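Next come two complexes built around subunit A: one with subunit B, the other with subunit C.
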Partner chain A sequence: MAGEMKIGAYVCKGCGIGERLNADQLATTATRDGKAAICQQHDYLCSEEGVNMIQNDIDNEGVNRVVIAACSRRAKTDAFAFKHVTLHRANLREGVIWVRPDSDDQQETTQEMADDYVRMACAEAKYSKVPEASGQQGVNRNILIVGGGVAGMTAALEASKAGYPCTIVEKAATLGGAVAQLYKTIPTKAPYADPQDSGVDELIAAIEADSNITVHLNSRTTNIAGAPGRFAADISAESGATVTKDFGAIVQASGFKPYDANQLPEFAYGKNKDVVTQLELEALAKAANGSAIKRPSDGKEVSSVVFVQCAGQRSKKEGHLEHCSGYCCSASIKQAMYFKDQNPDVETTIMYTDLRTPGAGGENFYRSGQKKGIIFTKSVVSEVVNGANPTVKFKDLILNEEAEVEADLVVLATGMVPNAGQATRAELTIEENEDKADAKSSGEAQVIRVEVESILNLDYRQGKDVPHMANGFADSHFICFPYETQRTGIYTAGPTRRPMDAKQAMDDAMGAAMRAIGEAENAGLGKAAHPRSGDLSFPTFRKEGCTQCKRCTVECPFGAINEDEQGYPVYNESRCRRCGTCMGACPVRVISFESYSVDTVGQQLKAVDIPEEFDEKPRILVLACENDAYPALDMAAQNKLEYSAFARVIPVRCLGSISLSWITDSLNSGFDGIMLMGCPSGDNYQCHFVKGSGTAQERMGKVGDTLQSLSLEKERVATYEISITDIHKVPKLINDMATTIEKIGMSPFKF
Partner chain B sequence: MSTNTGMVEKYRNNFLKEVEANVEEGEWVKMCMQCGVCAGSCPLGSHWAHPPQEIFMMIRAGKRDEVLTSDSMWMCTSCYNCIVRCPRELPITHIMHGLANYAKRLGLTPKSQPTAWFSQVFWDNMMKKGRVNELKLGLSLYFKDGLVSGIKESIKHQKLGMNMMKAKRMSIAELFGGHGVKDISDLQKIIKKAEEIENARIESYGK
Partner chain C sequence: MSDIVATNQTILVVGGGISGMTAAIEAAEVGKQVIVIEKRPFIGGRVSQLYKYFPKLCFPTCGLEINQRRINANKNITVVTMAEVTGLVGEAGNYTASVKISPRYVNSNCTACGACGDAVESEFDNEFNYNMDKRKGAYLPYNLAQPQRYVIDPQMIGTDDAQKAKDACKFNAVDLDMQEETIELKAGAVIYATGWRPYDANKIQPYGYDRIKNVITSVEFERMMDPFGPTGGKLVRPSDGAEAKKVAFIQCAGSRDRNYLKHCSRICCMASLKQSTYVSEKYGDDAEVSIYYIDIRAIDRFDDFYQKVQDDKNVTFIKSKVASIVENKANGNPTLHGVDTEGYNRYANEHDLVVLAVGMEPSVDKDTFPIEIKVNDEGFIEHDEANGGVFAAGCSSDALDVNRAVQHATAAALRAIQVVNRVAKAEG
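On to the complex of A and B.
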């Protein structure tokens, strides 16, 4: 940063702030305690005049740290968008006047609250730097697409249309994937009544005609190094020939493997040739090509067929799939139509427990099946008895009775197993990881929990593939991360992400292509991806202080940090989402962002004025996640829900970024209570950085020892899971903490 | 060969097809998606052996005798709750009446099913004069279960009967002949023709 640091503080008197608070005193606080070089007041700071006043100070007075004492940092962001300075907001509106009653007896504590927020914003300003370019930026507009099925091909065509050259890597000898094996597909156009051609040949033709798309058949990605904007991928053909190409972003559309029906002996699969899977029936239908479908055992024309839905699916039994594959009900209706359309007298029965036909046309297609005379029986199939004709034993769930039916052919809807590669280090515990790391350093082969072939072969510290979520899908939290994975710049599409049919996979591929393009461009600008979109700061570490403990490389939810030969972290800026989990992880506090560090928060909590013990004015520190808890507090304020005047709220990027030193520092400086508010963690996590809040909970588990060593009550530090909708809960929690402190008494650490 | 055995012959075990061909609105049965809204909506549902949802499933499962000899569809009071609520827009009330009608035609109606009995009394009463003789219809309903219970029932409704007579809504003279349409023979011809057409259609079922 060129030149001296100069803080300009600006106090707004609009929105009732001027009436409720003593603005002159706030200005004094800013200059005296906050060391602001310039302090101005304005009736409406967000007006053009107010903004120009600040801009003028930046341009002509050399102000490079702007402290705005007005509304929440989430409000008026368009007005207060100053370039080349750092911006700090003292939240006097949502944080003070809207949560406090407007009465004379409360005036004193309300003003104290506001003064503290001004001090805190100035303290943050003092320890912040303007983010500078890391020098890692580089644009590469080539997109790598792993998988040449309908999803991969759609992604390639869409990205190519947008002007981005694509490379498809397909392990098979032809494009088309699973859909190429189908006789027909589920209809995608109104009136959604009949099976339709898959269109896969047209897709392949379009790919071949597109000079912007390169296809590598019989090939795999054997190594992918780098980061968004500078991925270097080794593409190895079966022959062994390897080429290395550079890419800006990656779309992984590696599809699914059909569930192994041999795990279903109760359905006579493998014992009776006339018990087939859906995919095997497609082959029979392809062979028949519009004539009567013949069964495998004796070539007899099929006159009755039973479809068994959820075969080995939606079941917690060992070896079964727990999930619903989402496409099989529609697929069975489609396959029953293969028979009905050819000969309406063929008896077709679909045995289902819950018929699910997702998608716009799903219900129409179901109805069309009923009109064509397909019988739908709500039932649970218990067994398929082997015989000249297989016999299906089932329980009719409507009539509540056991029954059986003989058929020429039985089709099992066995569902999808994601083709998502290896479980990654992220899913292992820290101890397991350390074992692996030791094994690696001692030259042993790196063994990862499940012996599956890797798909991407990422050269990442945390594993070769994108982390999995429930049931082995390479998904991410779709609400928090649409189309994202836990690896920046790598986007999964199609059934590798979650179970879906061809149409959904193609729609998915468009989304993934769009995100890949966005990330390739982002990487060129050095900007963070969602959810801190556009953030230019990135983590660096002080090498002299680093103890090579590897905690940051292990705990990074996005695998952004590699290790060099000596075990020092190697940051990959464009992989990083700027959550600060590494900062919270670092036991020696050497990791920091330019605009967010152990100091920017640590100095804020030190700037809070702690009254003497006998003043009976406790102080409660609230560290609130900026994604959910802080907005919830803002909304509580908008609803004029009051909370204690003793609370001081500091927004944090993620609970995972909380340094334990903030806890000990605040306890030592006399805070009476500490509240940590993060997003829900666990299986149904809502943490925008996946593991941040969970990691924080784990770390805070050890805070009890700290409290004990200071002989403090354990109630003084509490962690909460807050959703953005917990508007009424948040103020109540703060008030509860105030009550608790009243009960257990003030902290003895006040000086 | 009775119509019933003829039907059994023709459709073998495909009762659904039989219903589609012979029962009024029967072609809708296959469209039921087993949501159970009809069963939940029926105000008399708890008195039915099989609510409509179950009847539809039984038809698909080929439970011919159980369905046709059931008294469930006779319990329908035509409140139309199920029709209004059915998400698949099945004319459930009409299907119930269609099934009842078909069962009666095949002679499978359960013995002494009161609704079936009353329907017959109503029809016979009306066909005599071309108009319903309300006094006679009411009395036959009162005396349905014999002389003693009939007298008891009549005494119970004595006041209502007297009031209706005072208001000239009912006349004791109706007991002796009663009024009818202008030319009963024309009506009988019309009905006879309709029956002929219907019978011809049913006869053709077996072929």
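On to the complex of A and C.
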């Protein structure tokens, strides 16, 4: 893209635009104000003919900035997809004619709206560059897999089958993880009637036979530096020997830790040898290997066994797990079958509150258990009394009475504790962060951090492991995107991500392997991961202007930015999700993307024509999240819901990217109201960039001073949480702002 | 449609719901050629008809918007709507699929300007809202429909209205002569992401869905919450439009039952817990929700949500399989009869509205797969070597929630990639 910038502006007259607006005037605006070198009109711009017209100007006239004045940037994307140019959409259909009444008295303000959008698109064009990948990393197809249980092994085997070499790092001396400790597993195939072999030995054999897979046993990752496409991992053996290897992406399958049953004294665990956990029963079953299972205390063959479900789970009690581990109901049925299949006379009772055996397989397995004579009692166990035989005290919820039963053996269905390393510091604000640094030797948070060993040991500014979600699992926050951790290129799978059984963990590992492969490929091309998949723009900063304030490195939701010795940010392109939160954080405005910068938006709002105060035509700037608020506005338009002709909407990548300078500049240039529309924040946040909306709200708190210094009313700047479904709400909010301005009056800052 | 290029390195994804979209995106974003075959006129599947997701109570269209943008931006994905796979022959690395494409009567010239919709009068049952209301004969299926292109109902063809639609279009997008066609496509691997359908509540005789107006299904209830849905976002009774404040949810309606669906559909407990919040959202403290259940299966991390709903004093849990529902003819209230098994008390409880938490049935009937494939008793596709290069994704494999369906579909993409990479290697 060497050579001159040349803007071509193309005004569509289809879909009613030509009837409702003066297209000639729009063309004049584009050439006169927008400095478009070429401007053409077309009756039907998205037609083959219209598109060819534009392509011809690109090919033969040197147009390299294309301004489409037609429909929304979300419409007709297949038609308006030109290579090697920047593309800018003036939204005249959804943004103007569909939200304005078709009447003569409204024509003037409607036309003004359209003219402004043309000016804005041209201004954006002027300050945009065609994004090109940084070349920071090439394609590296090696996948690092942390954890050698069934999940890790599955990830390795499946990625290898697709042609990707894998390295497994396992801290134990053998592969197999938790499943290797099981006698049998829950069935995974019809008719789902009996426990089945775990298949761990076959998996291990397959790993050993695969020359594409390298295994490091007794080893840990002691440092992981770099980014997707160029991770450098130190793999250290117990012996102390360390090798460093390069990887494209990482699967973290670090599994779970069994819940410590010693925290359940009410169930006589630790006091009575015949009270065991599910995992301990597996060892007994393994030892019996098909013969009668003997109990630990005296080796007596077990003739009666009680399973206590949800032991220390689904409970808010101190030291208990709040979550349900999902697999324990099926696991207890399986274990009861160990007894029943060997000797149908053994009494097996499962005490549960909700029996959770979902899906086709789960319900069949439950039924099979019933057929084999397992007794299911809906009850809450209050205590296990220590004695020669443990006695289980419980409330039978069906008979609604307290009862007790003596058994040879009691099995506690304790749950899964994620093995997810350290909770991150991503949530810390600058101030808190500095405080913590000052009080390094004291403070609770510090102590907790020391206790938990890191799994990955990431050399990231924002912590050594993948940030945790609820209950300590390193999960994604998103229902539609289960693999989107807050660390690009690192995909968690199995019980470290959420509680699950072996089969699900293996499925999960395969999905994580897919994501790892995807990221290894795309990082190599400089392409962004979800949700801006394929985006080639990435942030750079002007070092001369940087004050080393560290806001960008702290606020990046994805831990993409490190710091050098002098405190300057070090960007890692392929960790970056391109949200622009760093840009919004930067007080000196030195951070920008090729196609999204302080200028591409700042110049748009400056391009808006501000009528003089006595014209009584206020201007309202709406900065709308491109994924939720902007589509909601488009859909409001589709439904012909009207809003004020004074609004000027600019889509932003994320509210977190909003630079305070846009706010002050627009106030100074005479905007009367400013509306920021982002996603709902809080625990159930919907921001796909984690915290953009919350961050913006915080930052806007500081706008108060600016408003005060300009003697402007605080109502002029407002932040809203908008979901994509708020189709009726968004036009109403804009109209409310227009009413507010009517009340408080025009801004005096018109020039 | 004959310009679709497909080879034995192409991945064919059957079904464009959340699972099919996910599998397609994952494969396409690593450079694979993908063709998505979708039966309906738009992609997005069942999630497009959901108001909110559990447990976050966020909106499914948010994720759809992202996925649709990714699909639109990716040249490796071809989406064919109103299409069904009617035949499939071959083996891993070399399949040929017959795809029947029904006429949309609107071609790609369409700009979704809406002129045809404005021009016509005729109305037909709106399948998007489970036929609870009507839509026009020229229509965009819903606000976020992708492709953003109108559809003309075949029932309108041959009428004056059809001609009016054609005349209203300035872009020559309405083609009333469009014919059904069948095309053949090559593929190396096939992903069945055909999803689920709600179990037919008419079959559950004791619950009177076919007789009692104020007995509806969970999927219908979901549509009522949408401001663009059949009731404009109001929770009201179908019989008289009165506010439905005293609402009963019947869990396992036709599920975990040998007479109907043998399996547990995993999602229904969470769906009802979620829907209980809808009643509160609309009526605050006037909401009076009863959930009749066998086991509340709020599995793994979802249990938090169950605990939250349990804390809501307007929600009561009754452990009982409801025996029957009788309509109170005087006021239209359904009366539930059964035994509360906690303490064994008989009850006869009257409610404004009853919601049947119906289960998930695989969309494709067991014996109608176009190729031999391993399917379990419940009709779900089992993972099996014998299936060759045909893989299930999402709810075609089991009753799954969205999160797990997406997880499963991501894995399915890798399975398909393994096959086409093998083909690519063999072909050099």
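Going forward, the second predicted complex is superposed on the first by the 719 of 751 C-alpha atoms of A that agree within 3 Å, B and C clash if a C-alpha of one lies under 4 Å from a C-alpha of the other, contacts with A are read in each partner's own complex, and residues count from 1 in each chain.
The criterion applied here is as follows: a residue touches a chain if its C-beta (ideal position, glycine included) is under 8 Å from a C-beta of that chain, and two chains touch if they have at least 3 such contacts.
Just so we're clear, the structure is a prediction, and the values are computed from it rather than from any experiment.
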Next item on the list: In the superposition on subunit A, see if there is space for subunit B and subunit C together, and answer fit or clash.
Entry: clash
Check: In the superposed arrangement, does A:172 touch subunit B (first), subunit C (second), both or neither?
Finding: neither
Note to self: On the A-aligned overlay, A:53 touches which partner chain: subunit B = first, subunit C = second, or both, or neither?
What the structure shows: neither
Note to self: Output check: A:511 vs subunit B and subunit C. Expected answer is one of first, second, both, neither. What do you get?
What the structure shows: second
Note to self: Which partner chains sit in contact with A:452 here, subunit B, subunit C, both or neither? Use first/second/both/neither.
What the structure shows: neither
Next item on the list: Could you let me know whether more residues of subunit A are touched by subunit B or by subunit C?
Entry: C
Next item on the list: Could you look at A:660 and tell me whether it touches subunit B, subunit C, both or neither (first, second, both, neither)?
Entry: neither
Next item on the list: Mind working out whether A:378 is in touch with subunit B, subunit C, both or neither, as first, second, both or neither?
Entry: both
Item checked: Which superposed partner A:398 touches (first subunit B, second subunit C, both, neither) -> both
Note to self: Just checking: does A:323 make contact with subunit B only, subunit C only, both, or neither of them? Give me first, second, both or neither.
What the structure shows: second
Next item on the list: Would you check which partner chain A:237 touches, where first means subunit B only, second means subunit C only, and both and neither mean what they say?
Entry: neither
Note to self: Among the options 44-52, 332-340, 386-394 or 404-412, identify the stretch of subunit C whose C-alpha atoms clash with subunit B after superposing on A.
What the structure shows: 332-340
Margin query: Residues of subunit A that sit at the subunit B interface in one complex and at the subunit C interface in the other, please.
Written below: 355, 378, 398-399
Next item on the list: Would you mind writing out the residues of subunit B in touch with subunit A in their complex?
Entry: 16, 30-31, 33-34, 53-54, 57-58, 60-61, 63, 88
Item checked: Interfacial residue positions of subunit C with respect to subunit A in the complex -> 18, 25-26, 29-31, 51, 53, 56-67, 69-70, 72-74, 109, 111-114, 140, 143-144, 148, 170-171, 226-228, 256, 262-266, 295-304, 307, 319, 341-344, 376-378, 380, 382, 384, 398-400, 402-404, 406-411, 413-415, 417-418, 421, 425
Check: Can you name the residues of subunit A that touch subunit C in the complex?
Finding: 14-16, 44, 46-47, 71, 74-78, 93, 158-159, 161-163, 189-191, 314, 316, 322-326, 352, 354-364, 378, 397-400, 470-471, 473, 475, 478-483, 498-500, 504, 507-508, 510-511, 513-515, 517-518, 521-522, 530-531, 533-534, 627-628, 631, 635, 638-639, 679-680, 684, 686, 688, 723-725, 727-728
Checklist line | Partner subunit B, residues of subunit A touching it in the complex | finding: 355, 366-367, 370-371, 373, 375-378, 396, 398-399, 403
